[in-house]
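Listed after this line are the structures, all set down as structure tokens.
Below are two complexes that have chain A in common, paired first with chain B and then with chain C.
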Partner chain A sequence: MATDIYVWIAALLTLSIYSFLYKDNPLYKAAEHLFVGASVGYSIVITYYQAVLPRLINPIFQEGDWVMIFPTLIGFLMVSRFFPKYDWLSRITIAFMLGISTGINLPLIIQASLLKQLQGTMLPMTDINSILIVIGVLCVMIYFFFSSEHKGIVNTTSKIGILFIMVGFGASFGYTVMARISLLIGRLEFLFGDWIHLIKY
Partner chain B sequence: MKFWEMLSKLDRRIIFALVFLAVLLPLVFKMGLPIKGIQPPVKAIYDHIEKLPEGSTVLISITYSPSTMPELYPMTLAVIRHCFRQNIKVVCVSLGITGVGIGEMALQEAAKEYNKQEGVDYVNLGFQTGPVTLGMGQDIHKTYPTDYKGIKVAELPVMKNVKTYKDIGLIVDYTASGTGYIGTAVTMYNANLAVGVTAVGAADLYPYLQTKQIIGLMGGLRSAAEYELLIEKPDKGCIRMDSQSIAHLLILILIVVGNIAYFVTRRKRT
Partner chain C sequence: MKCRLPVIVLLLSIISLPLVAQDKPALTPPEELTAFDAPNDAGGRIALTWRASEQNDKPGVSYVIYGALSPDGPWQETGRFPATIGFKSDVPYYFGLSEENKRWHFFEANKIEGLLESITTTVYFKLAVTDGANTVESSIVSSAPNGNWFDTSKVYILVFVAGFSFLILFFIRLARNNPNLFIRHIPGLDAIEETIGRATEMGKPILYLNGLHGMDSLSTIASTSILGKVARKVANYDSQIKVPCYDPIVMSVCQEVVKEAYVEAGRPDAFKEDNIFFITNDQFAYAAAVDGLIVRHKPAANLYMGYYYAESLLIAETGAATGAMQIAGTDSITQLPFFITTCDYTLMGEELYAASAYLSREPLQLGSLKGQDYGKGFIIAIIIVGSILSNAGVAFIVNLFKVF
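Right, the complex of A and B next:
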């Protein structure tokens, strides 16, 4: 058995979370709340020391970069949400954030996830993979085309599309099983290795 | 018939117990099942790092939390070990708050093995807020003014010639789902990107592999084990594959038996 108090705390919290597999209970709830609280506390400390201090406080007070005050003020407007009379001020911050992120992301997403993917579909059908990609994309897109009734050739094509979708779901499910088992392996390794030393390396 | 009916109404807790045993027993009694074949997307990452000249830099980006460590940590460690073995410098960043500690743990573990010096051979820049993947394309020193210990990045020898993505031979993003580097680092700055992802997210990233927007992909624990074999340093990834294989076998049997039970009992009902 482990002698480290932190290993014991982590092990007992893990067991508390796993107790949910039997049914919901106070131990599970306590561990869940503790997790949320610890995560928020950790986030605040890391964000302060890694982002706020070197990129805001130090530039303003040590390097005299007073321009940083303006984005800081815009950020502080979010606090107005606590005062119903002035909560409209927070919309300025939200609008600023939305505008910036949309402006940055929209062209990039179109280029990286739409145009490049379209380009990747327009393949010379010289090997079996290219043929499958082209046929798969066409059939699945026809399945999701709702402006025409699915009859005749459209119906046949959309049914082939369903087959491709099912293969996709199957691959995703297989990968999901693999991922979940890996997580269980990690926890059991901790409980039976680090905690009760049944697993030896 | 009663047998199939009983199977179709099997309490889910019995399945939990079976999966529990299928995972635990191979960990306790090592089986050493073979891992055959290396997937081409995993080999591509290995080959790319092999071709990088000594002294070049690899950016390791940690975008996962401790919950996905069993899958992603072995592949993180394997790639860092490979870089250190090739005398390649490692710059670690975290796009999520919880990645800071994970990155530090992996760097220190590998650095100890290969006798590498912090600040000279590697650095953990930690976490930053805002559009970090975009900022690094313009100026890494401005995006990360200090490393995670508060030391000014400009004063670190490892960062002396690393200013933007142009100075980085490969970005390896370890993520629990999608990657934020494709839109920025790859599309805007033509950086080389490889992704290590949980098995859940792997299927979604294959289209980017096909379009060559990412040079390689490691999906789930199996890929981690394969990379460990490539660098000839079998570790946790390989050890865990016994449990993974046995659990998969059990799930396959359960799916087949469950379907037979369903069809047999359905025929009886009709």
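Right, the complex of A and C next:
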């Protein structure tokens, strides 16, 4: 058995979370609330040291970069949500965020998800892989064509498209389950190794 | 006879000396050396090109680039590489895909201490070609780097954005004139009304999740848009919706969206801001909290719209265990299989983006969806034509869409 108090706390919290597999219970509730509270507290500290301090306080007060006051003011408008009379001001921040993210994402998505994919699809059909890629992409795109009823040739091609999608999902499912199993093994190694020392390293 | 042998060997050695020298031909000065501001950047980079030479470009030979702030020096080595590499064809981002680029060498001087510290300093360059024993130098060239307003290598993206925008605007106009534009049935969305009705009959709340991405994600934007439509139906049915959020900004947006939906439905009094709340932005703590919420409140319907990671199965499996009707919609390819296995209906990828237009049938969203559809039709046509031409050995279409 481990003698380190922190290993004991971690092991008991792990078991408390696993107890949810049986049913909801006070141990799970306690672990859940502790987990949520600790994660929020942790994220506040991380945000302060990785965002507020190096990107706001230091630039303004140490480097004299007063331009940073403008994004700070935009950020502070979110606080207006606590005052119902002025909560409309927070919409400026939200609109700013949405506008910026749309502007940044638009060219990136067109480049990475459209043009690069187009390049990778228009292949000389010299082997079975390239034939499958071209046929698969076309059929899947036809499945996602909403302006036409799935009848006749559209129905046939979209069904082939669904087949391709399901094969892809099957592979993805298997791969992800393998990754989850490795997470479980990690936890079991901790419980049986670090905690009760049944596994010897 | 014995004393003649060393003399013969000596004579033969002297005779063969010019022959050995002929095996290793003399190096020639690099030709047509040009220095110019590197295109498509913010300044601080200078590109050098010179003609490839059969005589110089051999193993064992190197190019050495020297830079200085004055044509009189002092000269500083800024780059050195084997003569068999470093061609214009290696950087199609600058020079395109012409075959001619294989016959030109290329070097980029970038952030050289003492030389290119300022983004607009004029720098002088000379090029030396050396095989270790011999070195020949080029003439001196100079250039000053400049920042560019436009990245011309991304012109295709501009063309695509402009083309798609035109299509979408055209169809929005069309949808305003004819709001009955056809959209095929999407079973997952048809079921939303049913789930809300079921929740109302059972007197239980509806749980709506927005996924783990912030407001900069397309799936979250689509999700908040669907939330508005769902919240309006919930307000009409006088049911309840709970929206636990992973991101504080998303929470603010959701509060606004739901509030507006209740106002539109004529039920502002029924809106409860506390039903849209922030939990945490830690993935598994969020999953643990949502799981607890599901088993304690037992919502009659769970809607999972947005982008998810490993928590998807934890949440959706708990929802399935409580017997709730579940509809998921995500463009997270790795998590879609888990939603398909645990939910009653799943909106895959683009169906999530289409959902808002499908539910509201507002001309603006309907036109956007139609425009995207015809954009897709255009892409399908390009793939077919491009593949046929690729098979025929014509790379024109493929090169046309090459981005760097």
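Note that the second predicted complex is superposed on the first by the 185 of 201 C-alpha atoms of A that agree within 3 Å, B and C clash if a C-alpha of one lies under 4 Å from a C-alpha of the other, contacts with A are read in each partner's own complex, and residues count from 1 in each chain.
Going forward, contacts are C-beta pairs under 8 Å (C-beta built on N, C-alpha and C of every residue); 3 or more make two chains touch, one makes a residue touch a chain.
On a predicted model such as this, the values are computed, not experimentally measured, just so you know.
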{"item": "Which superposed partner A:Leu21 touches (first chain B, second chain C, both, neither)", "value": "first"}
{"item": "First (chain B), second (chain C), both or neither touched by A:Leu98", "value": "second"}
{"item": "Partner chain in contact with A:Leu12 - chain B first, chain C second, else both or neither", "value": "neither"}
{"item": "Partner chain(s) touched by A:Ser43 [first = chain B, second = chain C, both, neither]", "value": "both"}
{"item": "First, second, both or neither for A:Met178, with chain B first and chain C second", "value": "first"}
{"item": "Chain B versus chain C as contact partner of A:Lys116, first or second or both or neither", "value": "both"}
{"item": "When both partners are placed on the shared chain, which of chain B and chain C touches more of chain A", "value": "C"}
{"item": "Touched partner set for A:Val67, first chain B, second chain C, both or neither", "value": "neither"}
{"item": "Contacts of A:Leu132 with chain B and chain C, given as first, second, both or neither", "value": "neither"}
{"item": "First, second, both or neither for A:Ile199, with chain B first and chain C second", "value": "first"}
{"item": "Set intersection of chain A contacts, chain C complex versus chain B complex", "value": "42-43, 101, 104-105, 109, 111, 116, 119, 168, 172, 176"}
{"item": "Residues of chain B that touch chain A when the two form their complex", "value": "13, 16, 19-20, 23-24, 27-28, 67-71, 97-98, 100, 126-131, 134, 145-146, 148, 150, 182-184, 186-188, 198-200, 202-203, 207, 210-211, 213, 219-222, 236, 239-240, 243-244, 247-248, 251"}
{"item": "Residue numbers on chain A that touch chain B, as the complex places them", "value": "21-22, 42-43, 46-47, 49-51, 53-55, 58, 101, 104-105, 108-109, 111-113, 116-117, 119-120, 133, 168, 171-172, 175-179, 181-189, 192-193, 198-199, 201"}
{"item": "Footprint of chain A on chain C - complex, ascending", "value": "154, 156-157, 160-161, 181-184, 186, 214-218, 221, 249, 252-253, 255-256, 279-282, 284-286, 288-289, 291-292, 295-296, 310, 313, 333-338, 340-341, 348-351, 354, 358, 369-370, 373-374, 376-377, 379-380, 382-384, 386-387, 389-391, 393, 397-398, 401-403"}
{"item": "In the complex, chain A residues that touch chain C", "value": "17, 20, 23-24, 28-29, 31-32, 35-36, 38-40, 42-43, 78, 81, 90-91, 94, 97-98, 100-101, 104-107, 109-111, 114-116, 118-119, 121-126, 134, 137-138, 141-142, 144-150, 165, 168-170, 172-173, 176, 180"}
